[in-house]
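Consider the two complexes below, in which chain A is the common component and chain B and chain C are the respective partners.
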Partner chain A sequence: MMFGGVFFKQKSTPKYWAIGGLLLAIIANCIELVKQHSFFNIDIKNMLVFNNFNLIFIIVALVCTLLLFLLNGRDIEKVGNNISEYFALIFFVLCGIAIAATFNTLLTLFLGIEILSIPLYILTASDKRNLKSNEAALKYFLMGAFSTGIMLMGIAFLYGGNSVSPSFYIDNINIGAGKLPVMIAIGLVLILIAMAFKVSAVPFHFWAPDVYDGAPTVFTSFMATIVKAGGFIAFIRLFEHAFGTAQPQWQMLVALITAATLLVGNLTAVFQQSVKRMLAYSSIAQAGFMLLSIFAMNEFAKQGIILYAAAYSLATIGIFAILVKMNDYTIDGFNGLAKQQPVLAATITIFLLSLTGVPLTAGFLAKLYMLIGAVKDGHQNWLVILAVLCAAISAYYYFKIIQAIYFKESKAEITHNWDVTPAFKALLIITAALIIVLGLFPTLITDWLYYSRA
Partner chain B sequence: MDQNISVTFPHALIFFPLLAGLITFLFKKDAAVKSWALLSSIITLCISLASIVYASNKALSGLAFNYEWLKYIGASFSVSLDGMGRVLTLLTAISFPIIFVATYTNTYKNANIFYGLMLLTQAGLMGVFLASDALLFYFFWELAIIPVYFLCSRWGGEKRIQATFKFFIYTFTGSLLMLVGIIYMYLQTAPVHDVAGTLVSEHSFALNYFYEAQLSQTQQNWLFWLFFIAFAVKMPVFPFHTWQPDTYEQSPTSVTMVLSGIMVKMGLFGVMRWLLPMFPLAVAKFDNIAIILSITGIVYASLIATKQDDLKRLVAYSSIAHIGLMSATIFATKQIGLEGVMIQMFNHGINIIGLWIVIDLIEKQLGVRKISQLSGVAHKAPILTILLVVIAFANIALPLTNAFVGEFMMFSGLFQFNTWYAVIALLSIILAAVYTLNMVQKVFYGETNALTATLKEITVSQQIALSIVVVAIFLTGIYPQPILNLTKDTVAALVTKFK
Partner chain C sequence: MPINYYIFLALALFCIGIIGVLTRRNAIIIFMCIELMLNAANLLLVAFSKMHVDVNQPTAGSDAQIFVFFIMVVAAAEVSVGLAIIVMLYRNIHSVDVNFLNRLKN
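Presenting the complex of A and B:
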C-alpha cells in the first residue's frame, strides 16, 4: 500500500520534506491510475479497495494539499512552535482520508474516520494562546466523540441485525430492497447521522461555524475543503455499496437533510460580516449541494462529486490563502483590494465566481453534474428548484465580496501588512487557471471514471 | 477549401472579439486602446457581412460547425448561422463600431479594461446567437452578463452598485431556473450514436435533439415557465422589468447601448430559438397569458414614459414598451408577425442606440439630462437636432423609417391572432408619439436657457456615428427586403410548428 510512504515523513524537517512527500505520493498515485499497477501487494483481506473513483479523489486531495502547503507553508510555520507536528498531523489526516475513501468494510471506515478526526482536534487547538481556538477544539472534540459513538452504535446494529450472514464487508451487507428490519433501519439512520455530522449537514452542523472560525485560518482552509470532501467520498461509497438497494427508503431522509443544509447554510451566510465566518456557512451551503450526489446516487452524481470536490477545494483554498494574509476579516477589509493588489483581486474573483457556479469555471460544471444527477433521479424535483434558488442566494453573498474588492474605496486607517511574494501570486494564478481549465475540460478528471468502466 | 471557409465564420464571430478583448487588457495607452477596439469591432463587422454574402450563395448547411466537447454527456461546441442568427449577429457587429465611434471622446479610467470587457461582451452575445447546443447556449448566456456586471458596477452612475446587483441577481436567478429546464429537457432526449452505431452518450444537448424530444402536455407546461422566466427577465416583460430602468439609468451610456440595443434581444431570441419550437403545446395553452403580460407592459411602460423627466429613464421605459410589442407578437406565432419581429429586432437596436448617442452627447456637454432643465438645443446644435428628429420619428414608427415596416407587420400578426390585443397594443404608438414629441419639443425647441446657451455643435466623429444610424433607418425603412429574405426560412420553419 502506497500510503506507507507518507507516514515516515513526520519527523523530518518540516515544509520541504512535506512537499516532497506529497509530490511522491501524487506521482505514485498517478502511476497507479495510469498503469493500473500497484506498488505493494500486501494482503489486507480486501479491507481496502482501490478503484479509479477513489484514486482520482485521492489525487485531487493530495494536489489540493500540495497547493495549500505551497501557498501557505509559511503561514503554517507562523501558527506556533511545533512546526513539524502540524505537517505530521496533516499527513495523518490525509492517511485517514485515504482509508476513508478506499474502505471496504465498516471497520476500516471507522478507522479512517477516526484517523482523520483526531489530528483535526489537535490542529484546531494549535493556536494555544487563543481562547477561541481552545473553545472550538473542545467543542469539536466533544461533538466529534459523540458522533463517533453514534457511528459505532450504528455499525453494531447493522452487524447484529443481520441474523443470516453478519458481515462487516460493505458489499455483503446487502440489505435488500424490501422493508427493512428494525435493527438495520436504526443502524442505517445512526450511520447517516454520524456521516451527516462529519460533512456538517444541517441539523448536525452546529460545530462547523465555531470550529472553522476558531481554528487558525490555514487549518480551517484544510478542514473545510479536503477533509470535508473526504467525508463525502466515504459517505457516497458507504451508501452506494452498503445501502444502495434500499435507496427509495432513505432517499426522502437525505432529501430533507439536503434541503435543510442548503437553506440554513445559504440564508445564514447572507448575514455574516466576517468573511471567515461567511465562508464557514458557505461551506455548509456547498455541502448541501454535494449532498445532492448522495441523494441521486447515479453516474452523474459520482462524476459530479469528484469534480465538485476539486472545484470547491481549489477555490476555497485560494480564498483562504488570501484571507490568511489579511488582518481584517470583515467584508469591509476587502474594500479597494483591486487597487492595492490587482493580482490577488483578480484571482479571488475567479474563485468566488467558481463557488457561485458561473460558467467557464469548474464550479459551474460541478453544479451542473449534480443537478443532472438529481433531475435524472426524478423523485424530488422540488429539491432541484430549491437548490438553484439557493445558488442564486449564494450569488448574493459571494458578490458582496467582489463588490467590496472592485467598487469600494478602502479606508485609510486599515493597512494590510501584505506579505505577498511573486511565487505566491504565481501559485494563485495557477490555481485560478486550474479552475478555468477544469471548467472548460472537466473530462481531464471525469474521463478516468469512464476508462474504469470500459 | 470551401469546407474550411464555412467552418470559420461562426467561429470567427465568437473568437475574434474574444481574442481582441483579451489583447485589449494588455494595452497601456488610452488612445491605442480606443483605436484597437474600434479597429477590431470593424473587422468583426466585416466578418459578419462576409458571412451574410457568403450565405446568400451557398447552402445553409455549410455554416455549421461541430466539435465534441464533453463527449460522454453529449455536449458539443456546435455553432451555426441561420437566418435569425445572421440578423442578430449583424446587429451585434454593426452596433459596436457605432458605439465606439460615438463615444470616442469619452474618457474612462482604466480604458484598457473598459474596452476589453466591452469586446468580451460582444463575444458572449455572438455566442448566444450562434450556439446550437443547449449547454453552450447557457454558457454564453451567462458569460455575456459577467462583463456587463463589471462594466456597470465600475463605470456607472452614483447608485450603480445596487442597480447592477439587482440586475445581476434577477438575471442569474432566471438563468438558473432555465438551467433546470435545460437539464430536464436533456434527460428526455434520444441517445446519441456515432457513425459506426455505437452508443456515445445516453442523451444530448444538441439543438435538434431538443427539438425532437417527445414531451407530454404536462411536461411542456412546467418547462415553458422555467424557460419563460429566464427570457422574460432578460427582455424584460412586465412583472420582471423592475431592474431595467435603474440599470439603464446607472450604467455608463455605452454599456446602456449594449444592454438595450442588443442584450434585450437575447430574451426575444431565446423565445424564438428555444421556447417556441420546443414546447408548441404549452405555447398554445399559455399564449394568452404571455401576450396579456406583454401588452400590460406596453401600456404601463408607455404611460410611465410620458411622466419621466430624466431622458435616460424615458428611453428605458419606451424600450420596455417596444420590446413588449415584440414579445406579444412572438407569442401570437403568425408568419407576418414573426417576420416583423425579426426586422424590428434589428431596427429597434439601431434606433435606440441612436437615441442613447444623442442623450450621451447632451449629457457630456451640459452635465444634465433632465427634460425640465433643457430647452432650445436646436438653436445651438442644428445638425444634432436634425439627426435626432429622424431617430425620434423612427421611435414613433412613422412611414419611411425602419420601425414602420416592422411595427406594421407585427400589428398585422397580432390582428390575425386577436383584434382586441392589437387595438390595445396600438395605444403604444399614440403614447410613443406623445412622449417622444414632447421630449423633442421641450429639449430641442423653445428658447435657450442659461445652461443650453453654452452648448456647442457635435464633432465630426459624432456626426458620422449618428449619420450611420440615420442612413440605416432610411435604408431599412424604404427597402427592408434583404433582411426579410434572410429570415424567411427561419420564420417559416417556426410557424409550421403551430399549424
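Presenting the complex of A and C:
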C-alpha cells in the first residue's frame, strides 16, 4: 500500500485496492470465526489470543472502516496529494487495533497501542498548511506520548511487583482478590490513567475536542469511532484478564471516572455551536457509557460493548460522512436540509436518534445492555441513575440538529453544490438500515460470542 | 545494592519528566521530558529484570530486557514522527512555543 502511490497513475486506484484488501480481511475473519481455527500457524508464544469476542470486534471494526472508505473515499482523496499513504496509514492503525484487541501480554498491548496511535498522529497532521491541523497534531502527539510514558511506568511496576511469577502475560498478573501489593497498585493506577487518556475519559479528555476539531473531518470520523472502540476493547481485555479478581479495589475509581466523563461530556456538548465540536464532546459522553462496561465487567457488559462499538461507530461515521459534504459546520448550517436533501436529512435523523438511544435503533439496545450490566453488578446504583439522566441531556443537543433540519428555513438563497452521488445516498440508507436491523435483532452479533463449532 | 535505590532513581526521573511536560512551554523541551519518562521506565524494567534473576531458572527476568528494546524502537519511531510534526509547525508559525497555539484558538 505504502509505496503503491509511486505506481498508480490514477488518483482513485489506491481506494479500490484498499476496499479490496478490507473485503479480503473481513472474509478471512469471518471464516476464522465460523471454522474456529486460524489460517496460519505462526508461533507467537501465545502473545496474541484470538477468541470469539475479539474476532467479532475486529470484524465490526473492519466493516465500519469499509463503510468509511465507501462513503468518504473521495473526501480522503481531497485531503492532500499523498493519497495512498493515507490509506496505508489507516491500514497500519487497523493492524494496531487488531493487536490491541487480541493481546495477551503487556508487551503486545504496548505495541498494539503504539501501532495504533503513531499513524494517527500523522493522519491528524495530514492537512499540512492548516494551522488548526498542525496544532491538533502537536497536541495529540504530546498527549499521546505522555500517556505512553505513564503506561510504560505502570507496566514496569506491574512486572516488578509480581514476585511470584514475574512475566508480562496478563493472566499471571491476576493474583487474586485481597489487598494489593503497593507496587501492583501503583502499576494499576498508572495503567488506568494511561488507558483513560487513550479513550479520552474525563479528567484526561482535554486533548480530544481540539484534536477532533482540528484534524481533517474524514480522519476525525475514523479516530472518534473505530480507534476509540479499539481502545475500549483493549481496556476491557486488560482489566478483565489482568485485574479481574481485584475488581473491588478499582471499581470505585472507574465509577468516579465514568460519572465525571458522562457529566462533563454531556454538559459541555450542550453549549457547542459547531457540530463537529459538539460531536467531539458527544464522543466523550459516549465514552462514558462505554466505561460502564469496564465498571460492570460481566456478560451483559461484554455483549453491550460489542453492540455499542457497532452502533456508535456506524451512526457517527454516517453523521461525519454527511458533515464532510456540508460547507457550514455550525448547527445553523443544517437549517432546511430536509427540503434540499430529503434522503440525507432522513438518514442523519436515524443516526442521531441512535446516538440518543431511542428504541428501535441499535443505540437504544447498546445503552440498555450497558445499564443492565451495571445494575446486575449492583454496587453503585447512583451511577446508573446518573447515566440515564445524562442520556436525557444528550437528547437535547442531538434533537437541536434534528430541529434545525426539519423545522427551520434556510435563510440563504445560496444553493451550494452538493457533491452527492446516488451511490452515496444508497450507502447512507444501507448504514441506517444496519442500525435499525441491529436495533431489532441484536442477537445477530451477540450470539456469535457464544458460537463454537460443535 | 537494594532494589529501592533503583526505584527511587527511576521515580525521580519520571517525576522530573512529568513536571517538565506540565510546566515547560517549548515543544522540544516537552518532548525531551517525555523521553525522560520513557527512559525512567526502561531503567526500572532493567532493574526489576535483575531483581528477578534466579539461579535455577536462567531465563527468568530476561523478558523485561527484551521489552526495553521494544520500548527503544517504538520511542525512535515516535521521535521521528514527533520531530516531523514540530518541524512542520515551525515552518508555518516560526515558533515552537506551545502558548502560541493556545492563542490561535481564540
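In this section, the second predicted complex is superposed on the first by the 435 of 454 C-alpha atoms of A that agree within 3 Å, B and C clash if a C-alpha of one lies under 4 Å from a C-alpha of the other, contacts with A are read in each partner's own complex, and residues count from 1 in each chain.
Note that a residue touches a chain if its C-beta (ideal position, glycine included) is under 8 Å from a C-beta of that chain, and two chains touch if they have at least 3 such contacts.
Just so we're clear, the structure is a prediction, and the values are computed from it rather than from any experiment.
Of the two partner chains, chain C is the only one that A:157 touches; chain B does not reach it. Looking at the shared chain after the overlay, A:407 reaches chain B, while chain C stays out of its contact range.
Using the contact criterion defined above for the overlaid structures, shared-chain residue A:384 touches chain B, although it does not reach chain C.
Of the two partner chains placed around the shared chain by superposition, chain B is the only one that A:375 touches, whereas chain C remains out of contact.
Looking at the shared chain after the overlay, A:145 reaches chain C, while chain B stays out of its contact range. In the superposition on chain A, no contact is made by A:252 with either chain B or chain C. By the touch criterion defined above, A:360 lies against chain B but remains apart from chain C after alignment on the C-alpha atoms of chain A. Residue by residue along chain A, chain B and chain C are tallied for touches, and C comes out ahead. Applying the stated contact rule after C-alpha superposition, one finds that A:110 touches chain C and leaves chain B untouched. Contacts of chain A with chain B, set against its contacts with chain C after fitting on chain A, share not one residue.
For chain C in complex with chain A, the residues that touch the partner chain are 3, 7, 10, 14, 17, 21, 27, 30-31, 34, 37-38, 40-42, 44-45, 47-48, 51-52, 60-61, 63-64, 66-67, 70-71, 74, 77-78, 81-82, 84-86, 88-89, 92-93, 98, 101, 104-105. Within the complex, the chain A residues that touch chain C are 106-107, 110-111, 114, 118, 121-122, 125, 128-129, 131-132, 134-135, 137-139, 141-142, 145-146, 148-150, 152-153, 155-157, 159-160, 163, 166-168, 210.
Remark: chain A residues 300, 353, 358-360, 364, 368, 371-372, 375-376, 384-385, 388-389, 391-392, 395-396, 399, 403, 406-407, 442-443, 446-447, 450 touch chain B in the complex.
Contacts from chain B toward chain A in the complex involve residues 70-73, 135, 138-139, 142-143, 146, 150, 153-154, 160-161, 165, 168-169, 172-173, 176-177, 179-180, 183-184, 186-187.
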